[in-house]
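Note that chain A is present in both complexes that follow, paired respectively with chain B and with chain C.
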Partner chain A sequence: MSVILQLILNGVMTGALLAVPAIGFSAMFAVLRYPNFAIASYATVGAFAAWVVNTKSGFGVGPSIAVAFCVAALVGALCERAAMTPLRPSGPLAAAIASIALGVVLENVVRFAFGNDLKAYDLPILRDMRFGDIRIGPQQAQNAAIAVGIMVAVFAFLRLTRVGRAMRAVADNPDLARLKGIVPARVELAAVLVGCGLCGAGGVLIGLDTSIDPLTGFRVLLAVFAAAVLGGLGSVPGAVVGAFALGVAEELSLLAVAPTYRAAVGFLVILIMLTFRPRGIMGDRFA
Partner chain B sequence: MATKNIIDRRALIAGSMTIATGLAMPAIVRAQAGPIKLGTLTPLTGAGGPYGPVMVNAVKAVVDEINAAGGVLGRQLQLVSEDDQTNPEAGVRAARKLIDVDKVSAIMGTWASAVTTAVAPLCWESKTMLATVSGADSITLLPHQGYLVRTQPNTTLQGRKFGEYALEIGGKKVFYMAPQTPFTQSTFDNMKAALAKQSGVAELLIYDDKKPSLRSEVDQALRYNPDVIFMGGYAPDTTVLIKDIFRAGFKGKLITLAYAVNQKVVSENPADVTEGIYTMAPSPAEGSPAFQRVADLVKNANPDPYTCQIYDHVNMIVMAIAQGKDASGAAIRENIRKICQGGGTRVVSAVEGLKAIAAGTKVDYDGASGPCDFTEIGDIADCKFRYEQVKGGKINLIRIG
Partner chain C sequence: MTSYLFFILTIGGVYALLAQSLNLIWGGAGMVNLGLAGFFAVGAYASALVTKGAGLPIPLGLVAALIVGAVSGLIVTLSTVRLRDDYLAIVTLGFAETVRLIALNETWLTRGSDGISGIPGPWRAELGPLFHPLYCVFVFALVLLVYLLVRRLDNAPYGRALKAIREDQELASFAGKPVLRFKIEAFALSAAIAALAGAIYGHYTSYIAPDLFQPLITIYIFLAVTAGGLGRPLGPVLGAYLVIMFLEGTRFIAEAIPGLAAVQVAAVREMLIGLALILVLRLRPQGLLPEQRRAIPAN
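Presenting the complex of A and B:
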């Protein structure tokens, strides 16, 4: 029993890390209508930005994540304008393919600037706390809490702010939104800033647990994409639900199969999901 | 017209035969008296590019040394060097040229396993000796009829060494964690066999090396209650693993490969996370006389393992030629084990070995890469490993042995 509980707990923590970039990915998909695979590199860019301010300027976790959010948002907006905007009229497939190429270019820019070596944040690593047979890492708990905080902030932004509401309107029905006087270009810019920023913040959360190198974001790209698809592409709460569901399902699968196959289990879940409910768990609502 | 043609053809045949005979006869004589040709086939470009050029320089230096000392069987050595571009297709073309055009007796130094696998059949079919530095287990299992030896330890030998070292630091119950690679299973099997000899046991867990967290895998490892966790991954996933093992409060010992917990990983992570980790890596016979000779020849105090290995290749091949009094690939195959194993006067270079062989003494070559003793199928029987331990954020050498 405690084994199952521990697995669920581990799954929730992994899910929390994946949820942040998954929200960014889904929000951008909802507004821009193409899957932006360059998120992997935005996560890497964010992770490196945080690494710079953490190790060179001694910033703590919170401020480092804020810096990562801003840098990734800025880089994302510039890349979107320079590379993606001219291509989007060619259709979502062309844009998706171009975003993969963009991701590879950014990855190599990071490699050129920082080298190929592994880097780690300048933070102590703490032993886990034990409650009977269950163990919880204080840092994982902290990361999960930060992730939850970011999610709450995103929901508040979408519900309570003008720009957030405009984003929801465009996601629901772009034509109707335009009729209502919402300028699509501004909403798109907002979506890119928020989406890429979240990817950058997610990159830091992942890097806190692992180490960072130019492939940090790329390693979790498939999992993030899977979480978004599972929850319903274009749905922000769906991305959260999808990330947690994927995290927990992959961990629980360890009870039955060897760890090598756990990624396959996650994708099997997606395959089943898409067969019976193609719009995902919460695909019918953006926020 | 027709008649004229026939006469012409006869004349042509007769003439050709005369010319051919005339050329062929001295050719045989020339072959006996001319230089003995040896080939290197190393990567000068591609992934192996950093190693190939230095390897060739080492061989050149050895060849010059032997020629200066009078050559072998009264003949000079001639070196032909080709580039395999770390690419099997380019490797095959270059090997064809070495075998068919240059007619070398032996090819030395193929680096990538894919290249060696592609080139090996050309060698055994043409009875050309091949000495390689590639590590894949499958290479020595090819039907090479003895025309292949390698100085790089295969994963079978590495696995055995892992097991022996785990026992040495007090591990009876070892948990092996590694990502899926072509060698994971065979490395584990051999490690387990080595442990079993002293009633040790082992369990394997293959993880997905792209996961941002390996907590559940570490839990699984701890439930086995091991004294030693052996980590067989690469640096990025091993970094995740050592953090999660530290967080879980594991009290036993950790062993990994030197490239997985290198100085970079140690200095980037908090000292208490890497404290006490043992690392091991196949090592040249550092400090041995042959190693010192390689260092002098390539003017680098720490020559890489492949340069040490190809230095051994050329020395062994030349001594095998002297031992068999024949420069053919077949003779090298017959005699290579006679000069490098089975006891005798210990020699560390061909120049030294050639004198002893000429005097009728049995020699046993002790190389820069290790003792250079080969099994039936051409694997090295043993090699040195470098054992180190992380202490206070620094990697300290325990021993080489």
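Presenting the complex of A and C:
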């Protein structure tokens, strides 16, 4: 029993980390209306930006994640403007394909600068906390708490700020939003900044647990997609629910299959969900 | 030098088959397959297991690759065919990763990361040095055969129906076309061609391993199809040979830059390939050989 409880707890904590980039992906999908495969590389870019300020300038975890958010947001906005915006009129498929190519370019910029070696963050080594048979790593708990803090900030942003509300309007009905005087280009820029920033922050959160390399983002890409599809593509609360559900499902799968098949759980979840309930758990309501 | 040339031409032919596979569904029905590398791998493993593993003759290996490829294509499309096409993109990407995971982990079947070596090639020992040029001719012939089949399909009512689906799925369905069946069939056929390319590759190099089926191969093929000309059977073949030349060219460009470590050379090459795809999509999305749009017949 305590094994299952431990797995569920681990799943919830992984789910929290996964939710951050999944929100970013889903928000961009809702506003820009194409699946952005470059999010993998934005996560990697963020992870490396945080690694630089963490190991070279001695930044703590919180400030490093803030730096990652900003760097990934900036890189994302520049790339979107330079590579994606001119292509978007050709339809979502052309944009999706170009975003993969863009991801390859960014991944290799990171590889060019930092090489293929694994890099680890500078973190204090802490003893696991124990509650009966249940163990929690303080670092994992802190990461999950930061992830939840980021989620709360995103929801506050979407509910309370003008830009956030405009984003929801465009996601729900772009034509109506334009009629109301919302400038689509500005909302799209905001979605890219927030979405790519969240992917960058998510890259750090995922890397803090283990180590990072140029493929860090690509390894979680499928899980991020699965979380977004599970919750409902284009829905921000859906991405959160989907991420937690996937995190728990991935951990529980350890009872049945080898840990190396974790990534395949995402694929299976996508297949089952699309076959039986393609709108996802929460449907496609943005927020 | 000549063996290098034959190697490049043969691999170019394998890419041409993959490009035909992608063009059939993307240029035909407007569906994309981001897991092309996965179907490529499935075919390579199927044929290797049937020939090296079970000791059956190579033609049976090719047939096995075609069947396994088509069945995988069915599995992937059945769940997404009713949805918007970007769902298919996500599912196919997941398929390729899952195939790689299975190839890595089911060591009893695939020997994991060590890969399968000693895959038989047709009369490899008897032909000796003649093997490379003759296999190259064989691949050429196969590319030509698939080209003729696809062109036949493209000109037939079937191809026209597919293109109608690409342009406007609902309209095609109003016109009485069984849209779902068309899409599933086209995807299964395309997946079978990709798997055949995998089998051809394995019997040529005699060695396959999960690391050879990286997602980057899918990018090469997208570059080949867009550069050559989407929606026209000859375009992807031309594009595939252009891409293989470009790939080899980037090797020389990257090595010509002084003071780079090996990993940086590899990074520069991959960057150039990504940039090339973005630039082609931006500057010449119709490719070198644009699709020929037939005029509406006058009554």
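Here, the second predicted complex is superposed on the first by the 280 of 287 C-alpha atoms of A that agree within 3 Å, B and C clash if a C-alpha of one lies under 4 Å from a C-alpha of the other, contacts with A are read in each partner's own complex, and residues count from 1 in each chain.
By definition in this document, a residue touches a chain if its C-beta (ideal position, glycine included) is under 8 Å from a C-beta of that chain, and two chains touch if they have at least 3 such contacts.
If you're wondering where the values come from, they're calculated on a predicted model, not measured in any experiment.
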Once the structures are superposed on A, label A:210 by its partner contacts, choosing first (chain B), second (chain C), both or neither.
first
Check the residue A:88 against both partner chains and state whether it touches chain B (first), chain C (second), both, or neither.
neither
Looking at the overlay, what does A:278 touch: chain B (first), chain C (second), both, or neither?
second
Applying the document's definition of touch, where does A:165 land relative to chain B and chain C: first, second, both, or neither?
neither
For A:119, using the defined touch cut-off, is the partner it touches chain B, chain C, both, or neither? Pick first, second, both or neither.
first
Going by the contact rule set out at the top, does A:178 touch chain B (first), chain C (second), both, or neither?
neither
Quick one: classify A:34 as touching chain B (first), chain C (second), both or neither.
second
For chain A, what residues appear in both contact lists, the one with chain B and the one with chain C?
258, 260, 263
Contacts from chain A onto chain B in the complex sit at residues 3, 6-7, 10, 13-14, 17, 117-120, 123-128, 130, 135, 137, 139-140, 206, 209-211, 213, 215, 219-220, 251, 254, 258-260, 262-263
Applying the document's contact rule, which stretches of chain A touch chain C when the two form their complex?
34-35, 37, 83, 86-87, 90, 92-94, 96-98, 100-105, 107-109, 111-112, 115-116, 218, 221-222, 225-226, 229, 233, 258, 260-261, 263-264, 266-267, 270-272, 274-275, 278
Touching residues on chain C, where the partner in the complex is chain A
26, 30, 32, 34, 75, 78-80, 82-87, 89-91, 93-95, 97-98, 101-102, 104-105, 215-216, 218-219, 222, 226, 261, 263-264, 266-268, 270-271, 273-275, 277-278, 281-282, 285
Okay, in this complex, where on chain B does chain A touch?
180, 205-208, 210-213, 215-217, 219-220, 235-236, 239-240, 243, 246-249, 264-265, 268-270, 272-273
